[in-house]
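As written, the chains take the letters A, B, C and D, and residue 1 is the first residue of each chain.
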Amino acid sequence: MRQIKAQTVIISLVGIVLSGTVFFHLAEGWSWLDSYFFTVVTISTVGYGSLVPTSALGKLATTGFIFVGLGIFAVAIQQFAVFQMRKREEHTEWLIGHLGH
Amino acid sequence: MRQIKAQTVIISLVGIVLSGTVFFHLAEGWSWLDSYFFTVVTISTVGYGSLVPTSALGKLATTGFIFVGLGIFAVAIQQFAVFQMRKREEHTEWLIGHLGH
Amino acid sequence: MRQIKAQTVIISLVGIVLSGTVFFHLAEGWSWLDSYFFTVVTISTVGYGSLVPTSALGKLATTGFIFVGLGIFAVAIQQFAVFQMRKREEHTEWLIGHLGH
Amino acid sequence: MRQIKAQTVIISLVGIVLSGTVFFHLAEGWSWLDSYFFTVVTISTVGYGSLVPTSALGKLATTGFIFVGLGIFAVAIQQFAVFQMRKREEHTEWLIGHLGH
């Protein structure tokens, strides 16, 4: 998984979130905000259930977004967490270095 | 996990989704679409809660599908995400190679 | 993660599921089946929301079970999935070996 | 992921849970307990849906907490599970050592 470039991960994540937002806005008639909220809540597997597709097309497409989106989301989130914690560690080391004088 | 063949992963995933769909159609009396939707929503851990088993058998079987299905789903989704992003990277390299001329 | 014995993983998983079942039966007054169902649905992160603790103690304990139980569940499920798929591969090889004659 | 210090992981986890609790208390007007409960239930991806943000700000911020919090939570939970099971194994070995006499 290490070999996949950060750029590829980000493009994949933005692509799947955008596709989901547009699709559910059209297929289920939800607002842009709700369609975006539903897409992120679904591919992150949080799945509140406050919004659930009611049409057959919406239900089938949701399982499709789950199959395609979950892995992309998981890879993206893991890379982002590691990046974020490394930055925090570097910041702490920088702080310790400066306070040590 | 790397040693498991893609074929084994796909057969396991199709097997668990099919078993769940048939089981919940019979045990809870849900439509084929809803039974399939519930199975995918459950083993992906999205769990909207729009459909929840009401019978004792359905509840017990759901925990069984969770124990058996979640790991299979996780392995399948991870392999699919890596495969998908590699394909995207190869496609980008191919594009860059052609645009470079 | 490989160094953890299968026995430790199974004891941890059974321990957390049993504790959750007994706790929610007492704290929220749910039936034994519902308390078991809620515990598995929670530590697997499926989280249907059909059962949610209403008392302050129940809500606090739920976050405790999430912190302690999710990692145990994830490790257990991953080991079980790998074990299960290896068994399937060995079975397939055995079948091929016999059909080859 | 191994290189990240336990201290960094704990500070990140406490930071994200505290931020979420304060934010949802202010933005959605939920009690401190409910805001804490919602934050843990969200970043663990359990997502019961018993509490869901209703304001546009709350929905957007929730997706932000999902993007930032999920990876931190996953790393923290994984490290905690391994730590916990190692402790149990050491305890078992200690017990066997003493019972062996």
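Please note the rule applied: a residue touches a chain if its C-beta (ideal position, glycine included) is under 8 Å from a C-beta of that chain, and two chains touch if they have at least 3 such contacts.
Please read all numbers here as calculations on a predicted model, not as lab measurements.
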Contact-richer chain pair (by C-beta pairs counted) among A-C and A-D: A-D
Averaged-CA centre spacing for the pair chain D and chain A, given as whole angstrom: 18
Inter-chain centre distance, chain A versus chain C - centres from mean C-alpha coordinates, in Å: 25
Where chain A touches two or more other chains, by residue: 45-49
Touch-based graph of the chains, sorted into line, ring, star, complete or other: complete
Touching residues (chain side chain D, partner chain A) in the complex: 1, 4-5, 8-9, 11-12, 42, 45-49, 52, 56, 59-60, 62-63, 66-68, 70-72, 74-75
Complex contact set, residues of chain D against chain C: 33-34, 36-37, 40-41, 44-50, 77-82, 84-86, 88-89, 92
Chain D contact footprint on chain B (complex, rising order): 45, 47-49
